[in-house]
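Note that chain A is present in both complexes that follow, paired respectively with chain B and with chain C.
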Partner chain A sequence: MLNADHVSRMFGNVPVLTDVSLSFQTGEITALLGPNGSGKSTLFRVMAGVLEPSSGCVHWDVSKSVASAVASMIDGWEPPRWATARRLLDLQSEVPFGFDRSYAEKLLCSQEIPLTKRYGALSKGQRRWVCASLTLATRASCLLLDEPADGLDPRARKKLYDAIRDVVNERECAAVVATHILPDIGRVADAMAILQRGRLVMHESLERLREELCEVEMARGCPLPENLVPHVLGHTPRACGDAYVVRHCGGLDEVREALSSKDRVQRLTIDALYQSLTESEMVLAA
Partner chain B sequence: MPRDLPPLSIDPCSGEPIWRQIVEQLKVQIASRELTPGERLPSIRNLGSTLKVNPRTVVRAYEELGHLGLVVTRQGQGVFVLNGEAREPASQHARRAVLEDLTRRMLAEGTRMGADADEMLAIFEETCQAMQLPLSKSETTPRNASC
Partner chain C sequence: MMKRHLLLWILRPALSGSLLLAVLALMWVLFESDPLWETPVLPAILIFLHTFLTTATIYWAWGRAGSFAYVQTRGHLPETLWRHRLGAGYLTAAIVWLPAAIVVLSPCRSWLQGEVFQNPYYPIMHARDVVEVGRWFLLYLVTVPAAHYAWIRQAQPCRFPGTGHWLLAGLPVLLYTWYRCLHAPLLEQTLYAGSAILLTLILSILFLLGGRRLSQSMELSQS
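On to the complex of A and B.
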């Protein structure tokens, strides 16, 4: 388990992270989302312990037998280019908290990456895969992966996210994946956290969001029923009638009961939610 | 050696909670007897690994199927499709609910386009003929009542 507790970070006078509190649970994958420059990578560096927060702190779970808690794949850091993939496996085997070498080899093999090739001679996607494999095969209680699928083709991306799910299910660790490509991660993730301008604007279970969110399209000229008004998160006028994003703890069934048969209600995809969140800055009240 | 069970598929883009997707598909498989009474469902671990979802999502789906009276958990052995009579009313109910939902969605879309029930019914009958599904004219006796 990993906790960030009121973490803030300034670069000079510029606040990059402001009062971010987050906790990541064992057995869960959290998608850390946010537009470019929202502070994802800075938060990662702070959580991985390579950057000091200006205020606040990070707690790692060191109660387990592993000596250290976090394995990270930080954007911008790369292994030495002269080292072959095999040499990188040797080096990683030295980490104090254990490394599942055969699993790493299996991952490399699945993408047909020869162990004898130098890291610098690999393609961009292959390098990404090597870094991800090294991190995934490390027996840490929390895995931090910053844009792990960057540069991977769609098949490799799916494989990588499947591998992250497998590792988290089998090894009972936590994983945090920063990305701005939602559909891939939404498939396997349990929760999503959204950063905007350095602030945490949302941290929620995806299953709960899927349960509670829906889009209501009223028949033309009809107002939204009174009892749904407090649950509205966003509103878009449309030619065929007004559309509302509604969050209701009773889910789709209760919303449907409040509507007439001429109104349309459907589930809102996480993708659509994320888009409307980032476009309109609507607030997700529970 | 247990047989290969009919596959489940998760659509992460549908917006439907994943545990509900699992429940809906298993309901249909049980109602249509693709899963036979007494058959063991995949273990929580296995299904989580096959579908690439959190095992807790599978637990939630299995619990719901338990509440619906379609499966039973035997401690230490797994989750089994309930036998014949105990299961039958619940399974028929689940089948009925799926069919009702389909019909409701069809009618809702039609209504929005300004069609009334008569027009929808006429189109329904024409489509049945085009697909060569014999339509019994006496509306009181449902076809295939046994299945």
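On to the complex of A and C.
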């Protein structure tokens, strides 16, 4: 289990991460979401052990050091253009936690990427695939994948997420995937964490969120029933009224009971949840 | 202990400059008419320039380009990366000076100077040239870990910011003085030569230990 305990990170006087505490379980895929500049890549870099947190710490279980347990694919830190896929495989085969070279070659083969081709000569999607394949074929206890599907066509994207799922299931490792492609998350993730302005605003299992979260639309001027107010996570004013994100352990039925028949209540899609949590007035105020 | 592909990967950006300097060093030992121990300034300058440029290339150029960052995120421990950077530094030293050393030791230089150029010093001075080769490598033994230590030091946030830059500026002066001390007439005697080698080793080990300790917490963004 990879743990981040009260991690904060400043760049000069600017706080980029503030008191982020997270844990990633083995056998689980966590989607890390957040608007641009919310601190996802910084959190990845801290978790990968290449940036020191200003305060707090990151550790793998109790004994292992992070560097020897985490394999990462971090956006912007790519292999040099002159390196061929074969050279990259050679380099990767020396990592301390082991590397399944034949699996990596199989993944590269599935996208018809020749081992002798230079990295700089590959298309954007092929480069992404190479980086993701190298990370997935490591035998690390935790995989950090920053925007792994960026530039991939829908077929390749599906293949990639299937491969992530297979690896997590077979090797009992943890995977953290940062992405902006929300429909993919519902297909692959077990849990979801959302960062907003360097703070963690949500980290929950997706199944539980699906059961407990809903969106309530109230007509203009109608207040939310008092028993629902403590369960409100976000509020977005709309043209026809107000929309509230409500989290209730009783699920949709209990929320519906508390409302009148003219108020609308519906399950939240991941897209809508993300929009609500990153745009709504309450979260921004927090 | 050493990972071949990682070492070659780190070495790559410093390779072309080192090969160029290897040719220069080779030309110098072949065509220098004075005995090598009488002209210690040129190899000293070459060694300082080479060590500090190589270190700068390994730490700075790759770090900024993002490609070294890629290596750093492969899962190697900071200590492993530091060891391989240092290994790459020593390897470049071998690339530059090993061909020149072979020419001196073989003794191609002595033959070329004595037989072809009719230089009256040769082959008599051959034995002293051999000692000079040892001095080059002794200097490298200290300059490589010293340059790595100073570079990491200037990249670290510390209580006295800027000390790394002072170290980078002051070390060549210190090490050149040390190098000239190795040419003192007293060092012809075994006892003094042995002490000089021992002191060089101690200096080298101190820089190695310091660099290793600092590299544990080195951040990529500052390398």
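Going forward, the second predicted complex is superposed on the first by the 227 of 286 C-alpha atoms of A that agree within 3 Å, B and C clash if a C-alpha of one lies under 4 Å from a C-alpha of the other, contacts with A are read in each partner's own complex, and residues count from 1 in each chain.
The rule is short, and it goes like this: a contact is a pair of C-beta atoms (placed from the backbone, for glycine too) under 8 Å apart; a residue touches a chain by one contact, two chains touch by 3 or more.
Keep in mind it's a predicted model, so treat the numbers as computed, not measured.
Asks: On chain A, do chain B and chain C fit together or clash when superposed?
Replies: fit
Asks: Return first, second, both or neither, reflecting whether A:G125 touches chain B, chain C, both chains, or no partner chain.
Replies: The answer is neither, since A:G125 touches no partner chain.
Asks: Between chain B (first) and chain C (second), which, if any, makes contact with A:E78: first, second, both or neither?
Replies: A:E78: touches chain C, not chain B.
Asks: If we overlay the two complexes on their shared chain A, which of chain B and chain C does A:G56 touch? Say first, second, both or neither.
Replies: In the superposed model, A:G56 contacts neither chain B nor chain C.
Asks: Touch test for A:D162: chain B only (first), chain C only (second), both, or neither?
Replies: Touch partner of A:D162: chain B, not chain C.
Asks: Thinking of the overlay built on chain A, is A:T138 touched by chain B (first), by chain C (second), by both, or by neither?
Replies: The answer is second: A:T138 touches chain C but not chain B.
Asks: Of the two partner chains, chain B (first) and chain C (second), which one does A:Q92 touch, if any: first, second, both, or neither?
Replies: It touches chain C, and chain B stays clear.
Asks: Looking at A:P15 after the superposition, I want to know if it touches chain B, chain C, both of them or none. Which is it: first, second, both, neither?
Replies: So A:P15 meets neither chain B nor chain C here.
Asks: When the two complexes are placed on top of each other via chain A, what is the minimal CA separation of chain B and chain C in Å?
Replies: Minimum over all C-alpha pairs of chain B and chain C: 26 Å.
Asks: Is there a shared patch on chain A that both chain B and chain C touch, and which residues make it up?
Replies: In the superposed arrangement, which is not itself an observed complex, chain A uses no residue for both chain B and chain C.
Asks: Okay, in this complex, where on chain C does chain A touch?
Replies: On the chain C side, the touching residues are 3-6, 9, 65-67, 69-78, 80, 217, 219-221.
Asks: Please give the residue numbers of chain B that touch chain A in the complex, ascending.
Replies: Chain B residues touching chain A: 10, 12-20, 45, 48-49, 52-57, 60, 107-108, 111-112.
Asks: Of all residues in chain A, which touch chain C in the complex?
Replies: Checking each residue of chain A against chain C gives 45, 48, 50-52, 65, 67-68, 70-74, 76-80, 87, 90-97, 138, 140.
Asks: Could you pull out which chain A residues touch chain B in their complex?
Replies: Counting only chain A, the residues touching chain B are 27-29, 161-162, 165-166, 169-170, 183, 186-188, 190, 207, 210-211, 213, 219, 261-262, 264, 266-272.
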